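By written order: A, B, C and D. Residues from 1 in each chain.
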Amino acid sequence: MRPIIPDYLAEVLGQVEPDASGKPAADNPQLAAADPERLGAAFATVDGQLHGAGDIDVPFTIQSISKPFAYALALADRGFGPVLAKVGVEPSGEAFNEISLEDGTGRPLNPMINAGAITVHSLVAEAGSGPAERVRRVLDGLSAFAGRQLDMDEKVCASEMEHAHRNLAIGHMLRSHDILTEDVGAVVDGYTRQCSVLVTTRDLAMMAATLANRGVNPLSGEQVVPEGVVRQVLSVMFSCGMYDAAGDWTTQVGIPAKSGVAGGLIGALPGRIGIATFSPRLDGHGNSVRGVSLFERFSSDMGLHVMDVPSAGRAVVRSNHVLGSGPDALRVLELQGGIGFAGAERVVREVLETDPQESRTAIDLTRVHAIDDVARRMVLEIARRLTLDGHEVYLVDPETVIPDPEPGDGGRVTVIHEVRQAVLPSA
Amino acid sequence: MRPIIPDYLAEVLGQVEPDASGKPAADNPQLAAADPERLGAAFATVDGQLHGAGDIDVPFTIQSISKPFAYALALADRGFGPVLAKVGVEPSGEAFNEISLEDGTGRPLNPMINAGAITVHSLVAEAGSGPAERVRRVLDGLSAFAGRQLDMDEKVCASEMEHAHRNLAIGHMLRSHDILTEDVGAVVDGYTRQCSVLVTTRDLAMMAATLANRGVNPLSGEQVVPEGVVRQVLSVMFSCGMYDAAGDWTTQVGIPAKSGVAGGLIGALPGRIGIATFSPRLDGHGNSVRGVSLFERFSSDMGLHVMDVPSAGRAVVRSNHVLGSGPDALRVLELQGGIGFAGAERVVREVLETDPQESRTAIDLTRVHAIDDVARRMVLEIARRLTLDGHEVYLVDPETVIPDPEPGDGGRVTVIHEVRQAVLPSA
Amino acid sequence: MRPIIPDYLAEVLGQVEPDASGKPAADNPQLAAADPERLGAAFATVDGQLHGAGDIDVPFTIQSISKPFAYALALADRGFGPVLAKVGVEPSGEAFNEISLEDGTGRPLNPMINAGAITVHSLVAEAGSGPAERVRRVLDGLSAFAGRQLDMDEKVCASEMEHAHRNLAIGHMLRSHDILTEDVGAVVDGYTRQCSVLVTTRDLAMMAATLANRGVNPLSGEQVVPEGVVRQVLSVMFSCGMYDAAGDWTTQVGIPAKSGVAGGLIGALPGRIGIATFSPRLDGHGNSVRGVSLFERFSSDMGLHVMDVPSAGRAVVRSNHVLGSGPDALRVLELQGGIGFAGAERVVREVLETDPQESRTAIDLTRVHAIDDVARRMVLEIARRLTLDGHEVYLVDPETVIPDPEPGDGGRVTVIHEVRQAVLPSA
Amino acid sequence: MRPIIPDYLAEVLGQVEPDASGKPAADNPQLAAADPERLGAAFATVDGQLHGAGDIDVPFTIQSISKPFAYALALADRGFGPVLAKVGVEPSGEAFNEISLEDGTGRPLNPMINAGAITVHSLVAEAGSGPAERVRRVLDGLSAFAGRQLDMDEKVCASEMEHAHRNLAIGHMLRSHDILTEDVGAVVDGYTRQCSVLVTTRDLAMMAATLANRGVNPLSGEQVVPEGVVRQVLSVMFSCGMYDAAGDWTTQVGIPAKSGVAGGLIGALPGRIGIATFSPRLDGHGNSVRGVSLFERFSSDMGLHVMDVPSAGRAVVRSNHVLGSGPDALRVLELQGGIGFAGAERVVREVLETDPQESRTAIDLTRVHAIDDVARRMVLEIARRLTLDGHEVYLVDPETVIPDPEPGDGGRVTVIHEVRQAVLPSA
């Protein structure tokens, strides 16, 4: 069988290819010299599978796409408090070359604008680290996200430093507000190096997949940053990631994303997929023209918008019946599918409405495919309350979807592998 | 058994109750006179179950919480084009009493600020409708979201109109840019009536649940607005719903939400739940102090943040085995759980890696709990490609998770209810 | 002899006439229909002489040129305190259609922008006056500035009111900040009437001359507003009068000025002259294209820039000599020219340096052409101190440039008409 | 006789001394360590006389008061075009630490804010000069304004450079817009040196007097910058000189002025006087508290507001009579006082109204104290037109107020010293 997804990707690339609008970033001669016709797209699944089409192995500089990853590293290295004290999480509603500092404090509005990203760069690695350590930490951290050792493009970096006046201006402004406390030149130099890390579309897809996979690189299995950090990063990417067009992107594409002026664009769907595209032609907002088109297609073709309601599944309560009769009768609640808060609520309700008179109850999880923390706690609370009401409670859990069940104060459950283990011979 | 969720809600209400900071909205005497100690919270599930605690049946005016619903009605009544032409979707990053019109065009930045909401009010009901028709449409529409007939608070409305100078200012400014084309006084009057609709916390939870339920009221079953409209509304609520604190809310709470100055606050989790709280004490941003605390608790206690990665389920391919042998051998791919794009991708990969040599293949959906559109299309594409490769393909689908399967050009499937129906006697 | 100034004006008009750039105000159909080729200019001296060339008797609406005059009336009617409490005096640096309210207070930045002018209109006539009284006060006040009874153009006024949305927006915004306390519609209507007063270039020149003449209409002799009010009005005209181009105007032309969208433009040089021009073609700032050119010519041709240093006059001390000898000798200080602070300082110095040993001193003012308050006080202080030092002091003042001289505590002077009256026969 | 002005200054200093509000600039430790009670005031006349009271010989750093002088030097060195192309003349209406660059171009709004002053520093000395030459030019130029060789305070300078982050930020921002084309660090260092020039209140008064005296230092007689430059500088000081309070200052004080954070404050009245005060206690705008109070007193006590109408002098036409009779009769127009445009206009009018039938006319300038360029041209034009009408024209000008009179095309005048020289014996 021919692979389906590469076929799809190749088809979609073919559709956006004729659009020759936009052009490579003009500010930096190295970027301006990029081949404008390069085009690639890749999907990386949360279990590490990569599907790609086009120029997915051409290296280019990561540029602003480094921002969410460096932000993740800073949050992991310093904790939320110190980072949030210096960089906000408000959308700026302004073009990517605005300074956007908070009145009074001088705190950059968010980590996706340059002022925020420069500050974030100063916050990677442990407190007290020097410029070289920060750069090493960023390079190692981005490499961990990508699952392979990355390098920097020294030429682009040197070229950027020659034109770094705006970033130096931002750096000194931050320094004047004591948001930056390090040497301004060294931080801007480090940030420029961060932006000059060379990646391929393949790398970016894997980096995005690491975000989508709770911070665990799907290939290496390394927990690059904690899960809570990932949630923060994805939230900020969603509301602030796409310069000056955040609103349109949020409503039309609905994928947490980040673009870079070298033509890269990533998106990360929590729990689902990492996406990357590459095309150096930029629109007026500094976003890749074809990249934006590709993401619009991906979002609508595959229902990837975060506000898309997932397909309603079957009822979580597959059956509610009694086995046997008399004092040994067993009330069986057979559950199925993925259970989150809403599903657990339905189970609670089923128990309340049934008001089981049988003294023995089995909650059958055999067909439960996934269960959230909150749902797990709620199922155990049901068990506890039933125990308190005088029930003997069985958890039928052959595949251990609830490991080490502890119903808490006064509750008690017996774990079995099959319902019939709870059926008394007399029944 | 005692009900679990109301117990939980009562406990959380008890925890926020001691916080007596903030005070009712001062601008309107009717609102200022509200009992500041009122406190209630309710959850409404997408199948219409309501759990509440506290003052969930006390009526109050809906105020700005009407904005997302009126936006939904306008999108439904006029279509996306005419509405987006007049109201943007950019976060404003400004306080709730800023005008925030786009430079040049005068287009309000988004429908959650007053300028946007006033414009939206002028766009409900079909083009050419008069003031009374617009008000009726809003009242009927909000009622359909709530699932019961709502009324207006004439006193609050009259009191608001006496102090409506800011809204009149906004209205005339919009009129001067030809964003409003109707009589300014009539539109502002209608918008004020819209804000004066009386709701209870119970109503608001149900209205939020209608958004969470793809636009279908869980009780009445009415499709109040189309699904695409809901996605747009939730996206805008997520990025622009909480005045002047959108960033903190987006990262910390992560629930599409909207607050009103009478003390109401709603949140809608797509596919999961509608939430509402009520407490008239407001913070400096005009948001309910206790309401915000409650949502913070709900989000962290129940994993309701939209960027939370749902619990990883079991592998979507439950088994991959062969029944029988020889030319009649049957390759069986047993799937399970909920299947979206990522799951379908995994199935594709399983088929590619297996490269089945058997001429007959069964895809067993018996344990599949839910399947998305894109996953459905991909499974059928697998079937089509296997047919083209010379396979005879069976779909084991006892509960019809794929109704009327059409694999398309050159593909063919036989639907059966049990795997053994495909096992040839000879095997 | 042919008159010089009209010849000059006609020559300059001829030079700007070929410039057909710009066009009449488009917002109001009545203004848009103006003959774009109308062109006139007039000078009015502070003693009431008018020189003009071109269309100086064509009536047009005063528009924003009414602003400084209404501001003068409000200051005169209500006093500085109440007016400054509601309208600031800061340049706005913004285009003429910006709202420009002070953060927090909602106070318009200055009376030359619409928000300020609308507020000012609400402050004319005594407190408690109704809309009709305010309009009457403005019409009467503008008429007093012009020296003849003016009327309104009802057509332009009605046409303006149809398009008054921006002003109504401003009015309601001001009302919401309690800057306006009157009925918004009535104030905006009144302000629109104020702008619709019909004037000719001749009238405007006379109105400007009234400002240049300390508030006294040169023809009627009426003190229209107090002198302190005029100083305030001229200061505000200088820094805020020319929309969006205040800086260029201030440096290049240097004349307190105000333009109107009907094509009028006035300038007032304190103590010297009132100027008016008329040409309906407007530039992008809403200023008359040819009017601006004319003022640039006037300023450079005639040295009218307020920062121009007036020609240095002859030494204020014309001679310092002694008449007679012995005990009856008379020290004579002969002054000349106009004496202000700097001149008086020179006289003080002359006395100190001379350290006159004669017991009798005459200060001869015969050739003094003008003397300021401060200089008058200083001359009398010299007299007082000389008296205290034992001198007998004579003031030779045949034309009474210092009426009723009172040297104050311990001083004494004898006023005489000729120096020789102080020469003792014995000398 | 006791000197009057020092008595006045001492009295006014005594009145403001009790005001101990405000405190020395906190940003720079050297400035923060200033003795807050230092207090001085000085007047310098345009003929070089200095009157002072209090600490007028205490040196302190010039800080922002260097801005108008450096602006004058840049205009003199490079011409208006190159300087205006890089620095605007619009009031910024913002606090002194705002950047205030023009949208799009990045041009600083005016030379009185730091962005403008840093740019101006890069424009002193001839094009192509290096950092040391620019610093030398500024030091020499400021010294020329002061009339003595000034030095820099190396300690304050070094201390400033340690905290120069905001200025470096501004410098790099300007560099990124190509407004600055020099090395940013060198320009900011040079600008910091400029601000560290040590002056006394006496020096500042003399520097202001040089501005008041058309750019000629009253002591040295050196033309430091051309007269046109001074007009530009005074205009910009008037509208942009006093940070964040420009409007109040313009209306209430009405003197072109500039303050520095070390506590200095200067004012320059064109043609009249230079004023300086010194008191390190600053208000929230960064202006000296007592300095502002002193200027308010000076302005109102001495009528120094630029919009004050100078005292009306006597009629410019002292007499209009005929000497002799018959064909030799002589028409005599006796003029007096200072004659500007308005006065000359009156003379023109007198001639027109008289319509002299005598064939011989004498214009008697004996009592004319001062005459402007335009008035001089107008008097000669009268002479020319009278000649053309057949008159023989005499100019009675014993003190040569009109040197080398040239009435132009067809005109002719005879200069005499006494009227009687024109009286024919026969008359």
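One rule holds in what follows: a residue touches a chain if its C-beta (ideal position, glycine included) is under 8 Å from a C-beta of that chain, and two chains touch if they have at least 3 such contacts.
On a predicted model such as this, the values are computed, not experimentally measured, just so you know.
Q: Calculate how many whole Å lie between the centre of chain A and the centre of chain C, each centre taken as the average of the chain's C-alpha atoms.
A: Roughly 67 Å, centre to centre.
Q: Per the centroid of Cα atoms for each chain, what is the distance between chain A and chain B, given in Å?
A: One centre to the other, that is 21 Å.
Q: So, what's the distance in Å between the C-alpha centres of chain D and chain A?
A: About 64 Å, centre to centre.
Q: Please output the residue numbers of chain A that touch at least 2 other chains, ranges allowed.
A: Not one residue in chain A touches at least two other chains.
Q: Examine which chains touch each other and state the graph shape they make (line, ring, star, complete, other).
A: Topology of the interface graph: a ring, with each chain touching two neighbours.
Q: Pairwise, which chains touch?
A: Touching chain pairs, listed by label, are A-B, A-D, B-C, C-D.
Q: Note which residues of chain D are touching chain C in the complex, please.
A: Residues in contact with chain C: 1-5, 43, 45-47, 49, 51, 88-93, 109-110, 212-214, 227, 230-232, 234-236, 238-240, 246-248, 250-251, 254, 256, 270-273, 301-314, 336-338, 340-342, 345-346, 348-349, 351-352, 355, 367, 369-374, 378, 381-382, 385-386, 389, 399, 401.
Q: Could you list, by residue number, the parts of chain B that touch chain C in their complex?
A: For this pair, the touching residues of chain B are 163, 165-173, 175-176, 184.
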